[in-house]
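Chains: A, B, C, D and E, in written order; residue numbering restarts at 1 for each.
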Amino acid sequence: MSMNEFKPKIVAFCCNWCSYAGADLAGTNRLNYPADVKIIRVPCSCRVNPLFILRAFQRGADGVILCGCHPGDCHYTTGNYYARRRMTLLFSMLDYLGIEKERTRVEWVSAAEGAKFATVMNDFVKTVTELGENKRLEDLRCKK
Amino acid sequence: MTFSYYPGCTLKTKAKELDGYARRSAQALGITLAELPEWQCCGGVYTTAKDEIATKLSSVRALEAAKKEGNALVTLCSACHNVIKQTKYALDTDDDMNFKVSNYMGIDAREACDTNVVHYLEMLRDVVGFDELKKKVVNPLTGRKIAAYYGCLLLRPGKTMQFDNPENPKIIEDFIRAIGATPVIYPMRNECCGAYVTLEDGEQAKKNSSAVWESAAGFGADCIITACPLCRYNLIKAESEIPVIYFTELLAEALGVK
Amino acid sequence: MQKIGVFVCHCGTNIAGTVDVKAVAEALGKEPGVVFSAEYPYMCSEAGQNLIKNAIKEYGLTGIVVCSCSPRMHEATFRKTAAAAGLNSYMVEIANIREQCSWIHKDIKVATEKAIVLGRTAIAKVALNAPLTASESPVVKRALVIGGGIAGIQTALDIADAGYEVDLVEKEPTIGGKMAQIDKTFPTLDCAACILTPKMVDCAQNEKIHIYAYSEVEKVKGFVGNFTVSIKKKARFVDETKCTGCGVCTEKCPQKKTPNLFNLGLDTRSAIYIPFAQAIPKVATIDADYCNMLKNGKCGVCSKVCAAGAIDYKQQDQIIEQQYGAIVVATGFNPIKLDGYDEFAYNESPDVVTSLELERLMNAAGPNGGTLLRPSDKTHPHTIVFVQCVGSRDTTDCGKPYCSKICCMYTAKHAMLIRDKYPDTEVYVFYIDVRTPGKNFDEFYRRAVEEYGVHYIKGMVGKVMPQPDGKLLVRGADLLMNEQILINADMVVLAAAIEPDKSARPLATMLTASMDTNDFFTEAHPKLRPVESPTAGIFLSGVCQGPKDIPETVAQASACAAKVIGLLAKDKLLSNPCVAHSDENLCNGCSSCEKVCPYGAITYVDKEFRMPDRTTKIRRVASVNAAVCQGCGACTVACPSGAMDLSGFSNKQIMAEVDAICR
Amino acid sequence: MHNNDKEQILRSSGVNVLKCMRCGKCSGTCPSYEEMEYHPHQFVYMVEKGEIDKLINSPSIYKCLTCFACVERCPRGVEPAKIVEAVRLIATRRQGENHLKAEDIPCVVEDDTPGQLLVSAFRKYKK
Amino acid sequence: MQEMMKARAKELLASGEVTRVIGWKKNEFDYDITPALFESAEEIDHDFVYDDFCGPNLSKFTFQHQKNDTKTLVFLKPCDSYSMTQLITEHRVNREALYLIGVPSYGKIDVEKIKADGMTGILSIKSEDGDVHVHTLYGDKTYAKYEVTSERCLNCKSKKHPIYDELMGFEGEVMENERFDEVAKLEAMTPEERFEFWRGELSRCIRCNACRNACPACTCETCIFDNPNSGVDQKAAKDTFEENMFHIIRAFHVAGRCTDCGECSRVCPQHIPLHLLNRKFIGDINKFYGTYQAGEEVGQRAPLTNFTKEDVEPDIVAKGGKV
């Protein structure tokens, strides 16, 4: 598969109150970003269990991005602070295991930041596309 | 109790009395001031620039020497105190500065300079204690109305110096009370005397210094005390109508060792 | 076996323009579990909804997926549709193929493929949905208002007007708050007492309102609709039911050297006191720190002169417990301490005062009977300098980073009143910006300048220097003249920043209501829900939420009351059923979930479990209060054993979505 | 060129000029205000605007007493004195001639001139 | 030491202060030591042992054998007592029903190191005064103790007991150590090298669950890997999510709670350096959120159930992890 044909699989977790609304606003303003991004709506960024991200990678995702309210603006007051710690540690671990750190990202996107949402997604898809297909995490268990 | 002592350039020349009285008083109070063996001039003023290390090295050496001796470092001249304390603060808070200085000196500067820097007045307050000092006064200066002149160097920047409330200090006033005199509070006590500008613009310095002594005299002071040779020089140059002397002179007088 | 129906909306051409809706419906029709699939131009129209209803009935659908616009748009609509057809409304999932697909992609092939993925993701999720029912909890028809200033008074009056019981708790001996200390109000210059005291009397006379003055909230338990609050009635050493407020005791009390806190310590009063003439409740209070009888048992004059026999030196603090459906916070503000601003000589000179002190100095009921005199020598001041933004917009340790909002206007008021009453007095105002957004506000400020000749100077004062002759030499910058100026003043008035009352922080902890870094209460939404705390059942009135002037405070207080009334009008509360729940068999009782819950919705109980060997074992397990939980899901991730899950967004559902996307 | 100077000033002073809210308290407190062509608040504003040359060529840079009154009293933590110092350092580092030369000293020095004065002045006026 | 411990245990049993004792017992070989429950002085006399092979962490065993209605004496090495403190913090053991005696540990011997040196047919091993004498069918050999001390003991984090009712022997200090060096070495590799490294290591896993069973932080009532509703089960199938992710998920589950006792690596029959996963998390937590040692104090708030508003952003990882 040559580079320009490669279409990455990207899972985007978006919190219901800010980032999902930001994604909607991007749509309302007809701001384009690649169709490779598929959004899963969660109530809050703190609902995203590292298991979900691992599962995505195991099922063949090439990149996973988590979007939440800006720190301090969480609908539930503190959810994104916990998400921030969890994701920092998880991403660091994935990098440690050899999954390129560019394949995981957290972005804070408010309901008003439709343009930021589109920019972030364009940039993320570009980064992941350049990296190419992900090493399947399931390979970790396969004999060399 | 032993302290490493950093006298500074002027105390060896034009301000010998500031130094002499301090030493004699310390002795009377049972405090040993061990002069650092090879101190260098602090530079007189602190250069705030973050990309400038050469001017800070003499302070670093003083701090390092005191650390090696295992003592807190006592200063007397306001300028020395300000420069050394600001240098220490920069090493403690500015990683880049610490890195550069460490590289230049071949030491771990932050570690090597981890010395407590105290001004002589702080030593009187925190180590001797003003109540204790009061007990040791043999010649109380009762009835004398003394104006404390802090100037800028002892107090500011407040965050770095941690000396006293920079806008409403009381340490020298407490000192004045301890030696039996009456402090005179006047608003110009923490304003600048004109400092080094006097060298090229005597008029400016005179204006600044005049405002200080006039304010003190206006509130009925019969004498101004200071810890800074340059402040004293400027006030005298500005034709102060009341005497301007070093605080150590009064201390020595009260302790009967003048 | 699931029977899922899929409904693809064209949204006119909004979706159909870039998504081949027929192809989507066809592809999704082949997904496992799907028994019905259709497309329609406008699914949200009545005809579209009927299509859904009929399909539910005809095919006995157990779940539906609507591929349409954002769920933020029409999820509620389609849930109602499902419910109308007898399907649990939480068996509906929306695939957002408009905002997140047709509107952002131009290529029909790409958009169609994505729409199919989004559709099958929603199908995968709905297959795991479970019917949910909102739980119900009763509402106690009584409100608690904490703080008896103008905010608390207005809120209490409005709630009582609607026929609900209200308890008003005030920590001072009288209600009235800051407004009672103010002389005149901007921009109309009417007398504060004249408009406030009738409201205070209304409170006292309203049968629905119960005033707990000289009282504080001790403990709060429970949740929206059903709070249990302990209120501490502090000992006044005077029996409220007997005291007539005649004031004889205050006249006869020999201890007259007590600082008068109502006048901000500018004068003194007796140890037994009534803060001011119109106090509500008008009963005396003994200041235990100054009363000779309470301090050393020598005196007892007040007891002797009291005809009503109301004095009780042995009175103790009393705890009252009461149930409430809603709690209103109206804890107000105070000017900051000015210890960090000695360059203005506030601690050094009595003639440097804060604006609130000036209010008392100018008030007819104040220490000088309404004549403005210098505190130091009681002479008439000829030059007064006002300094704005003392501690406001100040990012240093002693200041506040925000604008205190009221200072520009009250300073204009002060300046105008002084110039009006004492035309021989020159008034200078140092300002950084004059901020006057408000009805008739800028006009008011301009009158101060144009009609009253107040000197406004753009700049800041650097230092105030008391002079031997008692004058205050003020040095400041006039930035427009590019000059440093010196003014020889008689008085200096500092517009001290305002900060939330110190009691607010511990109260917020008790209420599990969130605060910002400045200790202002956080609102549920900064624009759309400004009078509610994110914690359900807690409402915000007045300056506790952010700096406000009187009209704004009153407006917010009434808005707050409306929200409280709306809550109390309900007999039962329906809660969002998408909440967390713990599987007791899996729960370790480790307390991780409790630590991350922002609402305190999780408690622990010891529960008996039957073991396989027929013995029993008692284990500590988590229990979620569904009425308090807001469904964020923080606990589900904190839980190490996976005991905690979130209805509507369960682990399995989200993983199914992940799988569907990555398939 | 100007931009480089501005960057250099910001870097060496460590001051964020954008924090300034233009209240003028620094200038309201400065003891050298009268002697200065450009005043403390102008230093901050002009550095922000990149008007560095005017400052470098102004005698104002030798009038600041480094008394830190402006630093102490600034409500935004801007530290104008550090900006003045950084501008002056650009000037003294750049100048072919120092503002104060050793050969000038005998003319100004008097019997009672403290050594502290001379070292301070050299620090401030010389490379 | 061992005799003192035996005497004290018997004393406490006799006085009725405790009714059960948890300690170590020797099995067929000198070096085959397992945790054990003793209920009589006779059992203690016969089986109780405390020597340089007593590696097993007794806190997990205590958790598994706890009884609420009677008091149990537990001997704790410093690292065991960290685990115990963590279990108490998480309400997993009942402090009231335990009598804890802290005992010093001077480093435990890793028999695998001896075996790796080619020693077979081991009949006995004796550790005396810094020497370890190995007696085999084929002859004897003596090692200096440090040569055969386990990695976790060489990098001991602490010789102090954060919790105890009674101490025996000398109480030690928190130690300076180089335990993050191996982690740093891996961090310095390229992602490809790291991936290869871990693939090589984790491919050897036979999913025996020994690590999970030994881990004192793994005390879930039902492990998510055994719970058909967790979405990560399906033990039987090959190449499933659970199979592949087991160790990562496990490491994340104990992140912030793992005291770095090293039991996982000790018990792994495939010698997978599992502790390097846990240490990565510990190192990151220290770096990002300030030094934190799980089990240092009862009631500590674990870093993952805590936050500050100024926490680093996740992109710190992309920026190379420098704080």
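Following the convention adopted for this analysis, contacts are C-beta pairs under 8 Å (C-beta built on N, C-alpha and C of every residue); 3 or more make two chains touch, one makes a residue touch a chain.
All of these numbers come straight from a predicted model, not from anything done at the bench.
Peer 1: Applying the touch definition from the top, give me the chains sitting in contact with each of chain C and chain E.
Peer 2: A
Peer 1: Quick one: which chains contact chain B and chain E both?
Peer 2: Looking at chain E and chain B together, the chains touching each of them are C.
Peer 1: Based on mean C-alpha positions, I'd like to know which chain lies farthest from chain E.
Peer 2: The chain lying farthest from chain E is D.
Peer 1: Counting only Cα atoms for the centres, state how far chain D is from chain E in Å.
Peer 2: 62
Peer 1: How far is the middle of chain B from the middle of chain D, if each middle is the mean of its Cα atoms, in Å?
Peer 2: The answer is 24 Å.
Peer 1: So the centre of each chain is just the mean of its C-alpha atoms; given that, what is the distance between chain C and chain D in Å?
Peer 2: 47
Peer 1: Could you pull out the residues of chain D that touch at least 2 other chains?
Peer 2: Within chain D, the residues that touch at least two other chains are 34, 69.
Peer 1: Residues touching two or more other chains, restricted to chain C: which are they?
Peer 2: 343, 463, 596, 638, 651, 655
Peer 1: Touching at least two other chains at once: which residues of chain B meet that condition?
Peer 2: Within chain B, the residues that touch at least two other chains are 167, 191.
Peer 1: Considering every pair of chains, which are in touch?
Peer 2: Final set of chain pairs in contact is A-C, A-E, B-C, B-D, C-D, C-E.
Peer 1: Flag every residue of chain B that touches chain C in the complex, lowest number first.
Peer 2: Against chain C, chain B makes touches at 165, 167-168, 185, 187-188, 191, 215, 218-220.
Peer 1: Which chain E residues qualify as touching chain C in the complex?
Peer 2: It is residues 68, 90-92, 219-224, 227, 229-231, 253-254, 257, 301-302, 304-306, 309 of chain E that touch chain C.
Peer 1: Under the touch definition given earlier, write down the residues of chain D that touch chain B in their complex.
Peer 2: So the residues of chain D touching chain B come out as 11-14, 31-32, 34-35, 62-63, 65-69, 71-72, 79, 81-82, 85-86, 89, 100, 108, 112-125.
Peer 1: Can you list the residues on chain B that touch chain D in the complex?
Peer 2: Of all residues in chain B, those touching chain D are 8-10, 13-15, 41, 43-52, 55, 77, 79, 94, 152, 155-158, 166-167, 191-192, 194-201, 204, 207-208, 228-230, 233, 236.
Peer 1: Looking at the complex, which residues from chain C come into contact with chain B?
Peer 2: Per the touch definition, chain C meets chain B at residues 341-343, 345, 347-348, 463-468, 473.
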